[in-house]
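Two complexes come next, and they have one chain in common, chain A, joined by chain B in the first and chain C in the second.
Right after this comes the complex of A and B.
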């Protein structure tokens, strides 16, 4: 990248362009950006420091944030997504790296058909697949019938605080594993064959090769995937909205679903904006950790 | 040695096939359940083959569901296509400015734009709702299209792409007397088609599956996008017809499947583009 930067800066344009040219190129994006992004971001901050009184927003300092700090429902929604991501992200990434390695195997035939199958969940709209999973996990639905075959009593998935989270974890994992497989397959194809051949000469079996070559080579991608998955899970909305409605008893309520309820069912805009900014801070912390983590990964690699 | 290899091969196929079935079965079930009635859907293991209620489910979907699924597909297509085109054009123009021109504050501006990427989209939800209501755009296509035209990732991606665009080519075009705009539209854009289509695909996917913002700003069923329309299906009846809901979900899935089959390569490269940093 650095080389190309130098290339483009070293050679000055043959005929200097008009001064306004770059601004004309920037204008369409910047207008949308300022009106529909910068202004809302600033306005949300202003609202979050205010209170709706007598038909207008009145400055209220940290009132909303101190409310939020004491709001057990908000904390519960945070804990809910933390539980989901602590279980879901590792399972998904382990599954993705196993299947990516298998799909990349030279001994596997019909690769493109298999890859197509693993890719399919990604093409199903979030609401459509959430509806499907809410029926599959119904009390007399598919999952319980299958469990019945091996003699396990039916589980009331969506009405039990613990199993409802599991149902959501299964649904998210189903939807996103294929996406991560695609990314990892791209990474695998960039590992030179010679490394594997050398390992084979040294007598390393498939599992050994996977642990000692594949996994370390995929590490940067896996870190990036885990961070994006964590950020995505913190912003969870569609699955709990459709599958459980946040229930039972707020056990699958996510912060964004809570924001939606506060903002557009109770129409408390100030409080909803405070929730949004709290979420932004949490996500910023995770992004910062990612930055540190990837820097650390670069050092010892 | 040979038998060990055989066992390994069998294991490989068994694991891959299990994952394959787990991936496609829920989709298959969705289509199958669209042809069944409630007794068939929740009976004992009837999940393998098509039922007998397709026509009845379809009739109910058309007449009693409270939504028009084809209108929703049309709305989604118009909204996603328009916002994708606008996003790709504006992002590539901005990316080009940052990559190929030197101007005042260019670094600062780029950093501010990238900084906004750190803010989760939910932050803008309430102010956008107020803004769009004031503009009188509730229940219109524009309400969804306008905010979706901002692709910060697109600006970043196109800037990276245009950096490596050969400066010699631009200079040659200038010598030939082409204006800056002409260079961009006639030379740079046509030669960057692979990246543009990758960006187009991910922008389209994001717009197609977006639920929260359309849910907030659309309250008239004729303006619903697919995700919003589907999300209302559960609530419309006291005794839901699950087959009808799955039929609606199946019909809504078809356009994306067709699009994928037509543009398979671009899909993959679109998804990968986010990771090649």
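Right after this comes the complex of A and C.
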């Protein structure tokens, strides 16, 4: 008994030191994480239950959330991104699958040049490419010039609620398709050739192979991509901010752009925080769905 | 006794010396205050910033110890975004910042402790400025937080050459319906290549002028909502008529300021209805159009209606956290009242609200760019009949609803009355303000 006690007392001074080392290494990250992530997240939650009055935050209960519920502009911004994602995400994923399959083809030469070409848009800063698209879709811009060559009357892209959404969709698609191609390409290359060979032996054509082998094998990846794209689209900001300013009317206003306007143009941080939390909940729901769906995909594979 | 007297004298001498030393110390520290190097940070936007930079050079010549650091922002909106973040964080606030009258009360009400209280300092200056400028600088506690800069007496800037080519006599335009008729004639003559003016469909600038011309605004002097008053409905109906007659070149809302500039630079529009401060923008953006431009009062609603309206106008505010409140105030006062400084303002078309300056020969000067017209004299005469607008501390909160109403009314999604009523109700709901029945 006595000996063991002695032993343990002897060991004790070393233990905290041993335990401290990993924490010391983690400290720089943890400090940044606490100061720049945890603190703002908690503080935003606190002020979303308050009202800015006379130079300080006053507790206001669920006032901001009840305002949010009745705010037609917020609901419109949600509908806007829903329209964008319902149209844009399928188009982008179909394009990505087609291009990934083409890039994976054994008959294709200069593969890396094509891969680079599709991936490059992603490396361009979103403000820079958005500015470029605002010029491309301007009244006297490139798109209208090209349409003019074919004899189509110029379209007022940024002044019409319908065409403004299309302009945003085209811009996002251009920017993000390459990213999805690269992920799918990885998936395609991991499909063993033997499966295709066996299918060929059974007399399946390339279309049959595509639908019966490639697509099912890519399913988990496609689900992952679609969920990531949905979350990304809900958080849309730079493109409408730079290309349309949320207009015309509020037809391209996204929830995050609205949050920015409320916070930094109307100086209403409490309400902006409430919008942020409402969005966080919506995104959490989609993430939950992602979890369920990808697990389903995994089981199939 | 002797020794005692001596000691007393000694004490007296000593204390005198001490007092003298202290006094000298006092003097020298006061002197140091004005000779010690002082750096003031100043934030403003394009033309206003350019003016303040020249003012700073003038001020530096008189007070070589004062240096300036400038934060130049491309537009008022972006200035407010940056300022707002700095005020909320409480760090990085510039010593001096310019804020338009429309936003001033919003800033004072949202950040009542962030700006230097100038009430006692400006007491003697109060009578020297156009009286309506002070309302926007006064908080709900009746304290004053800013110094007035310019007024936005509005004018109709127009292209003489284009009017002549289209056979329009500018003297025949007195009312807005005559303006629209002239616009149709002009658009037809140039086969749509030239429009009467340019604007974003939900931009509030025209609505502000049209309501102010009728002696009212979004809010009345009591702070009640008058957006959906008969004057408001008349104004939006007129705008609707203008847009549907095809005389306006539409531009996207985010870039409207720059798009209007590129429209007149590229000879795509024949008129611009804006505040007198647009003189500087016209002159600097289209120097080759010198002599082709002229001004006239804004058209009125009726034959004998008012032609006077205000649009914009700025002020200077000082941060409550500045290290040098006295120097900052002294510079702000210099820039807003000194004749040489105000001459700089005028050279950029920024029309001061400092009344003693109105006797300056600069006011009656003929401007070459406008074919020798006495533009500032015309603006000054119109300014006499301007009804003060009350922006209230809720202007920035109300603006999105007003823009939505404009868009819905002008794109026929709602009737004019319905759109304005909806906006008024929303504003009332959020701000707890009354709607005037």
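Following the convention adopted for this analysis, the second predicted complex is superposed on the first by the 278 of 301 C-alpha atoms of A that agree within 3 Å, B and C clash if a C-alpha of one lies under 4 Å from a C-alpha of the other, contacts with A are read in each partner's own complex, and residues count from 1 in each chain.
Everything that follows uses one rule, which is that a contact is a pair of C-beta atoms (placed from the backbone, for glycine too) under 8 Å apart; a residue touches a chain by one contact, two chains touch by 3 or more.
Everything quoted here is computed from the prediction, not taken from an experiment.
Engineer: Per the contact definition in the header, classify A:55: touching chain B only (first), chain C only (second), both, or neither.
Structural biologist: The second partner, chain C, only.
Engineer: Does the superposition put A:269 against chain B (first), chain C (second), both, or neither?
Structural biologist: both
Engineer: Looking at A:261, would you say it contacts chain B, chain C, both, or neither? Reply first, second, both or neither.
Structural biologist: Only chain C; A:261 stays clear of chain B.
Engineer: Between chain B and chain C, which makes contact with more of the residues in chain A?
Structural biologist: B
Engineer: Go through the superposed model and pick first if A:41 touches only chain B, second if only chain C, both, or neither.
Structural biologist: First partner only.
Engineer: Please work out whether A:67 is in contact with chain B alone, chain C alone, both, or neither, and reply first, second, both or neither.
Structural biologist: Touch partner of A:67: chain C, not chain B.
Engineer: Would you sort A:179 into first (chain B), second (chain C), both or neither based on which partner it touches?
Structural biologist: Only chain B is touched by A:179; chain C is not.
Engineer: For A:249, select first, second, both or neither according to whether it touches chain B, chain C, the two together, or no partner.
Structural biologist: Only chain C; A:249 stays clear of chain B.
Engineer: Please report the chain A residues shared by its interface with chain B and its interface with chain C.
Structural biologist: 134, 241-242, 264, 269
Engineer: Which residues of chain B touch chain A in the complex?
Structural biologist: By the definition above, chain B touches chain A via 8-9, 12-13, 15-16, 19-20, 22-24, 26-27, 29-30, 33, 41-42, 44-45, 47, 89-91, 93-94, 96-103, 106, 109, 113, 116, 118-131, 146-147, 149-150, 152, 155, 160, 163-165, 167-168, 170-171, 174-175, 180-181, 184, 208-209, 211-212, 215-216, 226-227, 230-231, 233-234, 242, 245-246, 249-250, 252-253, 256-257, 260, 268, 271-272, 275.
Engineer: Show me the residue ranges of chain A that touch chain C in the complex, using the header's touch definition.
Structural biologist: Checking each residue of chain A against chain C gives 52, 54-55, 67, 70, 73, 134, 156, 158-159, 241-250, 261, 264-269.
Engineer: Report the residues of chain A in contact with chain B in the complex, numbered from low to high.
Structural biologist: Touching chain B: residues 1, 4-5, 7-9, 11, 13-15, 17-19, 21-26, 28-30, 32-33, 35-41, 43-44, 47, 95, 98-99, 102-103, 105, 107-108, 114, 117-118, 120-121, 123-129, 131-136, 138, 140-142, 145, 174, 177-179, 182-183, 186, 206, 221, 224, 231, 235, 237-238, 241-242, 256, 259-260, 263-264, 269, 272-273, 276-277, 279-280, 283-284, 287 of chain A.
Engineer: Looking at the complex, which residues from chain C come into contact with chain A?
Structural biologist: Residue positions touching the partner: 77, 80-81, 84-85, 88, 106-107, 110-114, 200-202, 250-255, 396-397, 399-400, 404, 407-408, 411, 429-430.
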